[in-house]
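Right after this note come the structures.
Heads up, the next two complexes both have chain A, just with different partners, chain B and then chain C.
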Partner chain A sequence: MALRTRLHNYIESLKEEGVLDSQYDHVKSLQPDDDPCFLVDIINNFCNDADHSIGELANVLSEPIVDYAKVMTLVCLLKGSSSSIGGCRMAVACRQLHDASVNGDLANCCMAYDKLVNEYYYLRDKLKTVHQMERTIMHNEERKKK
Partner chain B sequence: MGIDAGMWKLAGSSSSSSTCRRFHASSLGGSSGEVKALVVDDSRINQMLHHKLLDNLGVENLVVCNGKEAVDIHVSGKQFDLILMDIDMPVMNGIEATRKLRDMGIRSVITGISSHTLDHVKQEFIAAGIDEYHEKPLTSAKLLSILNKIKHKD
Partner chain C sequence: MAVVKGNSQGSQANGAGGNGNGRSTWPSRGKGYSVPGSGVTFPPLRNRLKALVVDDMSACYRYERAILQSFGVETDVAETGEEAVEIFANGAYYDLVLIEKYLTIYAMTGVEATRRIRGMGFQGKMLAVTAFTSQSDRFEFFDAGIDAYLIKPITHEMIWPYLLQIDNQIA
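== the complex of A and B ==
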């Protein structure tokens, strides 16, 4: 119970900080009773996919001729997944990169990309803490059942 | 024409969930039978979330990874009341897939779900034949309003 309270308070602090929004609660509410790994899987998949997209973006932005359409596609993917998981600050950073790529402004794209990376790493770090706490709670509950 | 192995079926059969309500078309005032949905999205997160959202509402649903798979599954004879269509996908995007489905005579409700905020992209999506557009994330409230529109359509 203490860990659940601690997790709840941690999530609330992330919301106050603006890192997460109520969409996170919505995602958590989708977790079925018979699949305690659902939220953990969502977080894992989000981080794996975002790691890949962030890396791809770095490659695209470092090309001699930048394919801004590709930048926009990757950014839309990141914006979609970050907003779907409740990562609102990261979604805002995605929007800024998207706007810069629409204008074909490489300098602003690079600045926006750096900001996006910072926001993503920050969010990822926080989600990993959530992930660890959720897994500990799951593990404790499984032990109680035995 | 076969279905790509990347497609996966996620039936709304979580009978262990006491909160699962079968979303019957008959309860929507339309013809009898359950509402069936197709999720078309290349993002694993959104696939999982949209599937779960539909599952929790008792809507039987399939998930495919791109527009081509969406078209292929209709060519195979499957039909859906609702298609949740993303825009940016590999192989075939949502705009092209929507156009092809409408050309095939598919009259399902197609709801565009995307992170795109560019007006011209949304306009192109609408011109391709979607019934409405929602920006991600898709919430239960948005999904319920979509499902209610299917009721009124029937």
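== the complex of A and C ==
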């Protein structure tokens, strides 16, 4: 129970910081009774997808001639993913990169990309902590059942 | 234009009475869904609907699938446009398709997949679900055959009117 309280307080602090919003609670509320790994799996899925897309963005932005259509595609996917999990600050950073890519402004794209990466790494670290706490709670509950 | 008649494996495997269109005619087994913390309750659907989510990002499709499943909608996933087109080419039937516009940077876009699926005669509801929108994006997607354009993240409130419309259209 103490760990649940700590997890709850941790998530509330992330919301106060603006890193997560109420969408996170909405995702958590969708967890089916027969799938206790749902939330931790979605967090994992998000991080894996974002790692891949961030890497692709770096490749696309470092090309001699930048394909802004590809930049827009990747940032759209990242925004969709981050906003679906409640990562609102990262979603805002995606919007800034999207706007720079619509204007074909490479300098602003690179600045916006750096900001996006920073927001993502920050969110990822926080979600890893959430992930560990959720897994510990799951593990403790499994042990109680036995 | 030929109408795709699905051969929904799920409903046939369970021995349900089909209606010849590959769609189960069971009443929905859902109890409805109450959105936590909002006081909003959605009544159960009368029919067991089937949906396909087409999205490259696993966090997105897992989330959208969970929303649909909370309404009692049987939901499959395709991670690429090619996979979605193949599913329809193999005769599958769905009442609803949620499709991301961009999918991947290397292969078929959601717009092209929508065009091809409509070209095969699919007349069910197709909803675009994506993170950004512009007038030209919307025009392109509507021209391909989607029925509505939703911005991520979708919510129960956003998807309910479409499910209700589909549910009410089934006798």
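Basically, the second predicted complex is superposed on the first by the 146 of 146 C-alpha atoms of A that agree within 3 Å, B and C clash if a C-alpha of one lies under 4 Å from a C-alpha of the other, contacts with A are read in each partner's own complex, and residues count from 1 in each chain.
Here is the rule we go by: contacts are C-beta pairs under 8 Å (C-beta built on N, C-alpha and C of every residue); 3 or more make two chains touch, one makes a residue touch a chain.
All values reported here derive from a predicted model rather than from experimental measurement.
Superposition of the two structures on chain A leads chain B and chain C into a clash.
Of the two partner chains placed by superposition, only chain C is touched by A:70; chain B is not. Of the two partners chain B and chain C, more residues of chain A are touched by C.
In the superposition on chain A, A:46 contacts both chain B and chain C. Of the two partner chains placed by the overlay, chain B and chain C both lie in contact with A:26.
Contact with chain B, but none with chain C, is seen for A:34 once the two complexes are overlaid on the shared chain.
Look at A:56: by the touch rule set out above, it reaches chain C but stays clear of chain B. The residues of chain A shared by its contacts with chain B and with chain C are 23, 26-27, 30, 32, 38, 41-42, 45-46, 49, 73, 76-77, 79-81, 83-85, 94-95, 98.
Those residues of chain A lying in contact with chain B across their complex are 23, 26-27, 30, 32-34, 38, 41-42, 45-46, 49, 73, 76-77, 79-81, 83-85, 94-95, 98, 102. Chain A meets chain C in the complex at residues 23, 25-27, 29-30, 32, 38, 41-42, 45-46, 48-49, 53, 56, 60, 70, 72-74, 76-77, 79-81, 83-85, 91, 94-95, 98.
Note for the complex: chain B touches chain A at residues 14, 16-17, 42-46, 48-49, 52-53, 55-56, 86-88, 114-118, 136-140. By the touch criterion stated above, chain C contacts chain A in their complex at residues 35-37, 55-60, 62-63, 66-67, 69-70, 100-102, 104-105, 129-132, 152-153, 155.
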